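Once you scroll down, you'll see the structures, which are given as structure tokens.
Two complexes, one shared chain (chain A), two partners (chain B, chain C).
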Partner chain A sequence: MTPAEIREEVLDILGDIAPDDDLSALDDDVAFRDQLELDSMDFLDIVMELRKRYRVQIPEEDYSHLASMASTVSYLEPLMRDMQKI
Partner chain B sequence: MIRADSSSPLPDHQRIVITGIGLTAPNGNSLREFRDSLLSGRSGVVPYEIRYVGKTLAGLCTFDERRYQSRKDLRRGTRAGSVGIYAAQEAVADAGLDWPNVDPASVGVYLGVTEHGNVETENEIYELKGYDYDTSFWSHHHNPRTVANNPAGEVALNMGITGPHYTIGAACAAGNAGLVQGAQMLRLGDCDVALAGGVSESVRTFGIFASFKSQGALAEHDDPARASRPFDVERNGIVVAEGGCVFVLERLDDARRRGAQVYGELAGYAINTDATDFVLPNPQRQAECVRLALRRAGLVPEQIDIVSTHATGTSSGDTQECVALRSVFGDSGKTFFNNTKSFIGHCMGAAGALELAGNLLAFRDGVCHATINVDTLDPECDVPGLVLNQPRELERVSYVLNNSFGMLGINSVVIIKRI
Partner chain C sequence: MPKDFLKDVQPSYDVIVIGSGLAGLTAANVLGRAGYRVLLLEQHYKLGGMATWFKRPGGHIFDVSLHGFPYGMVKSCRRYWTAEIADSIVQLRNIRFDNPMFSLTTSYNRDDFSRLLTGRFGLAEATVREFFDTARGMNFYDDQQVTTRQLFDRFFPGREDVVRLLMEPITYANGSTLEDPAITYGIVFSNFMSRGVFTFEGGTDGLVALMRQELLRNGVEIRIRCPVERILVRGGRVRGVVVGGREIGARAVVSNANLVSTILRLVGPEALSADYLEEVRGVRLNNSSTQVYMALKPDERLDESTGDLLFSSTAPRFQTDLLLSRDITSRTFSFYYPRTRPAGRPRCLIVSSTNARYEDWAGLSREEYEASKRDLIETTLDSLEKYVPECRRRMDHVEASTPLTFQHYTQHVAGASFGTKFEGLAVSRKLPEQISGLYHSGSVGIIMSGWLGAINYGVIVANDVDALLTRATAGDPSASLATTGNP
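Then we have the complex of A and B:
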């Protein structure tokens, strides 16, 4: 998967987790928490969805990498570059 | 306007009145709609299909979930939570409370449930099967969704209530038990406004249907609207239904002070236990429960105008309740009996509260709604005063008695008085 495809996948997951938020204006360099209504359970949903969809295991100590879209894609890119988008 | 009433031995500060009603039933999403359906014979039972069990029947609610919840709230919470939130919000609006100025710490939430957590657990296990039962795929939402206080807790979260909240597990007597709990907490001074009643999401768990089916107690009929038929000789079981009903309860002096409307006063109640069987009812204990409620209310049976029966449409249960009713009410001809499950099926934890609510407007319109779907009355269910198929106009309705019984032998009776 390319970084663009990973971004698209994360955006799709966010669409499920934050269905009331407008994601079209998401700023990739700003923390999710500062622009979306997300709490700790929602972040766990991101982790769970990546696990379910792509079997990506994200250890707890790495959760901080999921702060913004840019940092999330950057973190996931080496883990998902050899995968095909579902 | 509440008239002065010196007939109660209790001081006004201990008298509990219903000042608001919010509900969703399979045939109505407000008290008015529900009452109209009960008076016009409109059923809420429809064809239904559920995992593993397949095609069956159920009573389904059609309330607008988005009226009080965001899409995210709905994703996060449970159906029982949504049912509770809708009913509680509607009840508070109906009560005319100045909600923004009600102290949130003075409000208590007491919701009866038959069960809670089956739906969410079944869903998780179904999902987990797709991951070969690897529990790392088990949702972190499972615990907050399945804790027993979930439906009441979701109401408190949604409405910003900071007083006590919990559910009362009382099988199918839970709707009455929730109301009783709310009244007791008001009398103890634990809260000043009680949101009390019952909720159910049971139509979403295949286990409830499968268990009733295995027990030979799941209703079947070609016409869904005619499947729930308590007291009919051809009855063949229960129609599982969802629903919720929340009463705003207040002490009479508080209600008077703010000029609140009053649907009725809790005149008496009783809860007792058969202690004889897991599922089979005990008419002697049921009769004792009715008599205890009457005694506490200072009433004799002939003073009750309407008895809202519990009967679910099972062969044994209906007959046993009728044995109990005949032993208490005899054939005085002054009391009339009806059944709400014949319209909507069995709303489980909500049943007692909904069935009471559907009868309370009889204080205003003077009509006893019917028991529908009785083509041939079972002679063993022939209780004098049973209102069959068509509503009956009464001269004046002053007292409604509501039966609600459940598995493990729990019996509950509530008597509401016109005020």
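Then we have the complex of A and C:
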């Protein structure tokens, strides 16, 4: 998957988690928490969904990498580079 | 021949969940929905753990712990349960305080509390705003040295009335005290302040019935009256459980039983490191409770202005130790109107709750115990009279529960009704490091207790189990799991 495809996948997961938020205006360099109504359970849902869809394992100590879209994509890129987008 | 409650149980499962409190139910549901073969074992004849209810002649249904939870339950129920469950959550609008310092009614959210604190309590707007922001910014991994008392002293020095307003409801929500880490207060308080206090329309029985349906839909096998005798551990890994004298294999086990009894009784000290055991033995349990359940005669009605929740006290000031004293000066009344169960028979009920110590009730003779219960009932009715005039004449049924009652039904050590103090969370999280595949989920560390905390902790642990089983299935040798059953 390319970084653009990974971004699209994360956006799709966010759409399920925060159905009331407008994701089209998301700023990749600003923390999710400062733009969306996300709490710690929402981040756990991102982790669970990535594992379900792609078997990507994100240990708890790495959750901080999921702060913004930019940091999430750069964290996931080496893990998902060789995968095909479903 | 007695009924075999384990009839048709398979020799092994992916996951066995011990206990059907809200954390156990939720972990089982999330894992069942993910496609794992899950067996849920409950020692009691009803699902729900402390989220429970009982019926009495005259069409009365009492809720034991449905007193109000934060709005976050809507999201958690929608996501990890069903839309139907989430849509049954409704707000409780009248939260009352009545004590020698103040009497007021509030919707118990940030807007209304800010109005009260700056108006009636005369605090500066900036101070109030900063307090709310500080509380909301707290995380469970933050500094634990600051106590709730120190937090209040920083923002509201010398204002015992403000401390009382801010603390009293949280003490009832999760058993936390002024001496506990401030984060245990800040996280729970902020959860409530986001929108107010909510409840489940249809009562606890309605909720648990819907949860049971959803578990069955997700393929979870449920067995009641099945107390687990032992958790099987061999070679540092969990292998299953012993129940009814029978071994049932499992790749992972989630215990929703009391943290301390899970580790010391179901697992046993042999399988654990000395350091960990020391930590386990240092875990302080939270207090227990007494409750008085009162049902009005079928044709009697409570006026809605009585409130939904009433924090009532005759103590001149708020003190944690006074709340636990046998000489009760503070009670929380939960009022239930016919709207609690719109589909049921219209009834008005009142549950009075007081935090209590197990030791105060455990050593009594049978006569002393019964006399103490009668005294608890009579003093509660005396205190209710102020809010429900002529209450004795209007009552159809009254009974009391004590820490011993809680212990009997939940098998919690010392009848603990809010799990453990803060240190229990770390011990609970570290269990799988001691025994691969064994997890604890349930009321621990104050922030993981209450209805919302328990459900969310169930999800957190289900995520850990899913990570382990996914790794094992993917062939990661570090996570390889022996086949269940015989070694």
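To be clear about the criterion, the second predicted complex is superposed on the first by the 86 of 86 C-alpha atoms of A that agree within 3 Å, B and C clash if a C-alpha of one lies under 4 Å from a C-alpha of the other, contacts with A are read in each partner's own complex, and residues count from 1 in each chain.
Simple rule for what comes next: contacts are C-beta pairs under 8 Å (C-beta built on N, C-alpha and C of every residue); 3 or more make two chains touch, one makes a residue touch a chain.
If you're wondering where the values come from, they're calculated on a predicted model, not measured in any experiment.
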Just checking: does A:Met80 make contact with chain B only, chain C only, both, or neither of them? Give me first, second, both or neither. neither
Taking the superposition as given, does A:Met48 touch the first partner, chain B, the second, chain C, both, or neither? both
Does chain B (first) or chain C (second) touch A:Val10, or do both, or does neither? neither
Partner chain in contact with A:Met69 - chain B first, chain C second, else both or neither: neither
Can you list the residues of chain A that meet both chain B and chain C? 41, 44-45, 48, 51-52, 57
Which residues of chain C touch chain A in their complex? 34, 72, 75-76, 79, 139, 456, 459-460, 463, 466-467, 470-471, 474
Chain C contact footprint on chain A (complex, rising order): 39-41, 44-45, 47-48, 51-52, 55, 57
Give every residue of chain A touching chain B within the complex, in rising order. 16-20, 37, 41, 44-45, 48, 51-52, 57
Taking the complex as given, what residues does chain B use to touch chain A? 70-72, 75-76, 131, 136-137, 139-141
